[in-house]
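A quick write-up on the structure given underneath.
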Amino acid sequence: MKRTDNRKPDELRPIKITNHYLKHAEGSVLIEMGDTKVICTASVEEKTAQHLKGTGKGWVTAEYGMLPRSTASRKVRDASRGKIDGRTMEIQRLIGRSLRSVTDLELLGERSIWIDCDVIQADGGTRTASITGAFIAMVEAMKWMKEREMIETIPVKSFVSAISVGILADESGEEAVLDLPYTEDSTAKVDMNVVMTDRGEYIEVQGTGEDAPFGPEQLQQMLALAAKGCRELNEIQKEILGKLE
Amino acid sequence: MKRTDNRKPDELRPIKITNHYLKHAEGSVLIEMGDTKVICTASVEEKTAQHLKGTGKGWVTAEYGMLPRSTASRKVRDASRGKIDGRTMEIQRLIGRSLRSVTDLELLGERSIWIDCDVIQADGGTRTASITGAFIAMVEAMKWMKEREMIETIPVKSFVSAISVGILADESGEEAVLDLPYTEDSTAKVDMNVVMTDRGEYIEVQGTGEDAPFGPEQLQQMLALAAKGCRELNEIQKEILGKLE
Amino acid sequence: MKRTDNRKPDELRPIKITNHYLKHAEGSVLIEMGDTKVICTASVEEKTAQHLKGTGKGWVTAEYGMLPRSTASRKVRDASRGKIDGRTMEIQRLIGRSLRSVTDLELLGERSIWIDCDVIQADGGTRTASITGAFIAMVEAMKWMKEREMIETIPVKSFVSAISVGILADESGEEAVLDLPYTEDSTAKVDMNVVMTDRGEYIEVQGTGEDAPFGPEQLQQMLALAAKGCRELNEIQKEILGKLE
Amino acid sequence: MKRTDNRKPDELRPIKITNHYLKHAEGSVLIEMGDTKVICTASVEEKTAQHLKGTGKGWVTAEYGMLPRSTASRKVRDASRGKIDGRTMEIQRLIGRSLRSVTDLELLGERSIWIDCDVIQADGGTRTASITGAFIAMVEAMKWMKEREMIETIPVKSFVSAISVGILADESGEEAVLDLPYTEDSTAKVDMNVVMTDRGEYIEVQGTGEDAPFGPEQLQQMLALAAKGCRELNEIQKEILGKLE
Amino acid sequence: MKRTDNRKPDELRPIKITNHYLKHAEGSVLIEMGDTKVICTASVEEKTAQHLKGTGKGWVTAEYGMLPRSTASRKVRDASRGKIDGRTMEIQRLIGRSLRSVTDLELLGERSIWIDCDVIQADGGTRTASITGAFIAMVEAMKWMKEREMIETIPVKSFVSAISVGILADESGEEAVLDLPYTEDSTAKVDMNVVMTDRGEYIEVQGTGEDAPFGPEQLQQMLALAAKGCRELNEIQKEILGKLE
Amino acid sequence: MKRTDNRKPDELRPIKITNHYLKHAEGSVLIEMGDTKVICTASVEEKTAQHLKGTGKGWVTAEYGMLPRSTASRKVRDASRGKIDGRTMEIQRLIGRSLRSVTDLELLGERSIWIDCDVIQADGGTRTASITGAFIAMVEAMKWMKEREMIETIPVKSFVSAISVGILADESGEEAVLDLPYTEDSTAKVDMNVVMTDRGEYIEVQGTGEDAPFGPEQLQQMLALAAKGCRELNEIQKEILGKLE
């Protein structure tokens, strides 16, 4: 089965990460995976979440948005509709959970890190690119805090990256593939997003067979591809960030 | 590791399903799994979703709610807050996707089935109980349509059920368990919901290790438990609904 | 004039009240009047209303909702519309006022009792059934407080119940009737709801002749029927709750 | 018992009605009852309510508002809060119902009359003054329609007016009084609003004993006062409008 | 070029200002400029704006509204739409800025003055009439504060008034005119609002050539007309208010 | 008076415009003026505005947003607050009016052009940079339409650009300056935005002296600087777009 951009089934799209992309944020990254482009920023606030006041613990929270014309046809602005749609909510909850799962909230202290992921151009995999990029922005914000002696060590337990996998089907059969662009994503039989640590553990596994259910073997194939993709992304993150301590 | 209600790790809670629970809805079920109680109704509307007009296809959509005092402490009503929270949105999208994945939308014709799942009493696993119960309510609504010759056959490809699994941890180690009540769910290291067909295929796999990542072996243990649980729920559904044709 | 269910003009529908219906709430009741079924819960909160802080007085507040398919055709969820409709607001204000009128807010202390009335199945008279049932749930919550020595005595001055009355009209003339089911209610010339204490006093009298005005004599007939109905409901409440002290 | 403005228990406050108060509206009235001042307008729209399309029937609908500084302390604007409060909803529903009850919606044809009642200065009885004034504005709008031959006759079955009554209590006892200004209204034991036709029939009876229940005799005294007040208001309306035909 | 009401190009419409128009507000004015009628009130609150707490400074804020039938065709209420439209926001921000620009916020102390401008009848120039009238209401509220010894002096640096100017065009050419009523305003090529002090300084200059751009010479003609109009309005304000000290 | 970045009073910041910045939009530009960076896109929709249906005319409408961390401290997302703030509304109305004023809406036909201006990094002058950049994106979208023979000619009457001017004050006196970065803008005595055509005509003049009023001479100085700035921006636009025909 030929992929739209001639990649092999287990091959990532070309990746480009521009660190320190914006001047105001404590951490900011432009991540490009193929034609998908997302600005990820991390902002430090000297106040923890409401429900953690007095516990000594901090919080990491995430918001996600798409510019109206990041997509092929113009998407109505959430602000104009007066509310956030369900897909956006799911994605921002996913990003927040993923980053919190590797953060030592006690070492962070009673502070918040706000993650903002804004999609400038969308071509599939925006939520997973957001997680991969936001992790870098978050660590940069932590380095900024460490320089100012707000914290003594980078309060992160593992690296986190995320990737999409799926099952493509045509007359010749079905095949599991890694890192789907929009044209593949929109026709895939199964769509799955996986978030992993650099120790090969799972943080999130979300697979959906809306068009058709999928069998146990296909699940295993997708999990294997995802592990390979996340490993490669972790390598790139490590080159940019160096050792965390 | 001892479970709070002495169940075995792979044992479901006691299940009670009351079919035809309400008089107005075309399909209505009260499903009780342990102390979790959900009213599921299915309503037939002679109009398909906006984006399907003129395609000959129908739609299945779901809404989910919790009575304010279904929970241990009172939950503010969504209607009073003026918006639906992120968790509710995720759940209603999940229920809708799960039911659509086994429905033949062309055979349904340009009609909608509205699923409402309202939690009367919550004790863990409300979203999976909703799916298992809503499937029955949906099929009852389809039978109602067939009796009125609106459709010729029940447009359903497989049975659908759902269950939660998770990893409990204590000083003695970690163990995968099936069908977690609230006390287990709130302390579980990993929380996973699985939706399956009666052919053993996956419709949704959603695993989250917010408190701690989980390894590949734990993932496999949980998948095995979920398959067992869904199979048993399918049996109960088949007893109630009989053959679909 | 024959009633749809063959009752006499001054006869209530069959009543069934299930006390302690749910496990989490401090007070909870399922009240059924004919086919009308309402879950009423009372929740204790250790905080009085904003405007009473520092006065030593407590508050009783009520919310009312209908499950989407409690009605003959599906009703859009308030939460989905993003706001509470006018009818719902009127009803929840009525329930709150009615219960506060017999509560000694000073004896309650700086606490709130939240009343939730959720209609599971609607067949006329949901607001009056809500008041009758909510009174029981509220007193149960007060007993719960007394057991925990939060209060010394049940801070209630009288029993409260409520019923609907109306004027039915056909070719043979007009007649005042008690406790209208939906089919009568929707065609009645006049619709009136009366809330009374067990001393025969009025708490609320709300009569509406939208389709046609009504004369002074008809008003008196309806008031007499309402007094009879409320008296009977008070008897049932007393059987369930016993003496309040 | 002495009233704050030395009126007799059954005496209305001084009334002033300025017809044709504004230049744009088809009907417009400034009604002053003591210090309560309300602008009532009636606007004709060539479209009936959604649910009446194709039935040949028209509709009358009402909205009510208070200027922020119509009250003793500034009231937050509904528009700033983003929603209409419960009291406002109740009042605008009451005004609409009252006017519809005397309008022949078939003779009106598939048109709407929009009533707007805006309180410029509040001193008790704003909802009843709104009804009394809005009736005049509505009839003026109907005359405007008749002049343009949109209708052949004024489609009104009776005159409508409204007044408040209540029970005042002091050490000397309790007394029923007519037309309460704010200082009386805010301390009254019982508050009741009555809407009546010029034939002495009731359209609405709404009595509330939030602070204390009231007995059957007190109800009858209030009803008698209300009938006297409405009769006097009808006389004033007839002087302004002349015969309706 | 003949104006619709035969005024000269540099002539204001007839002006009538009723001071102390309402009984509750600390300052209240009815300002009429031709057929445009606006009620302006000023309310004193013993709390400054959130962002000024602890600075010793006060705040002046403004809200603006139109009665639904102040306009030729009925305008939907902001409260019913659930949000304030863009035009209203612009106007209330303009009124607030204009009044703050001449107020000594330190002398005012940590208090707020709330300005409410409500248009009873609209015929062009409602925002400028609002500013001219609101200034008087604000100073009256300050006098009220001074009488109560809350402040020692009226904390106002200059008088403020505002007027509209524009460019009318017909076959005979183009002409700059002062104080446009609705019929002129809606066909004017250019629409400009100018807010000035009694020292001939500018507070706001807002000119818009949506239908057609305008040249530098036309801009100068409009500025000259505006200066004349504001001067005349300042005279009227001074007659009403006397010297500020 | 020395400027923060050593520019002369009448000197623009360095400008960089990247045309065809995004792949999906019909027109897209990244405009950078100093550290201010705005993405402007133009999207073509085959439907005119509601109020222009059947008139043969098209419409141009604009929306404006800021990424949460485009600013020095994180700004809450409009979508999270559920409404658009007043400043944003003013800006998007200004952008829309400015572009419509030079567009021949009849030649455009019954279509809409949606302009989206999203600020990636803010350092003063975001609204004027938006207008200057959006004009280019709009013309690119029109070229795209012309290539597809949807229109015969580029329906634009003049070039449009915009710039900010202001009055800076220090102990040495006051001086009018062009193109203020944030540090100047936030301390300027007067803030003014001017939108002009390439014929030297005004489209919008918006000057605000909130902190202090400004004299006629200062107004003239600012107008002269603005004219110079807009002229230079028009030159850059012409280099990018070439002749419009």
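Letters are used for the chains, namely A, B, C, D, E and F, taken in the order the chains are written, and counting of residues starts over at 1 for each.
Basically, contacts are C-beta pairs under 8 Å (C-beta built on N, C-alpha and C of every residue); 3 or more make two chains touch, one makes a residue touch a chain.
This is a predicted model, so every value here is computed, not measured.
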**OP:** Give me the chains shared as neighbours by chain D and chain F.
**Re:** E
**OP:** Return the chain whose centre of C-alpha atoms lies at maximal distance from the corresponding centre of chain D.
**Re:** A
Original post:
Cα centroid separation between chain C and chain E, in whole Å?
Top reply: 51
**OP:** Could you put a whole-Å number on the gap between the CA centroids of chain C and chain D?
**Re:** 28
Subject >> Whole-Å separation of chain centres (CA-atom averages), chain A against chain D >> reply: 60
Original post:
Multi-chain contacts in chain B: which residues touch at least two other chains?
Top reply: 82-83
Subject >> Sequence of touching chains round the ring, chain D onward through chain E >> reply: D, E, F, A, B, C
Subject >> Sites on chain D touched by chain E in the complex >> reply: 22-25, 28, 35, 39, 41, 43, 45, 63, 65, 67-74, 77-80, 82-84, 88, 114, 116, 118, 120-122
Original post:
Which chain D residues qualify as touching chain C in the complex?
Top reply: 83, 86-87, 89-90, 92-93, 97, 100-102, 158, 192, 196-197, 199-216, 219, 223
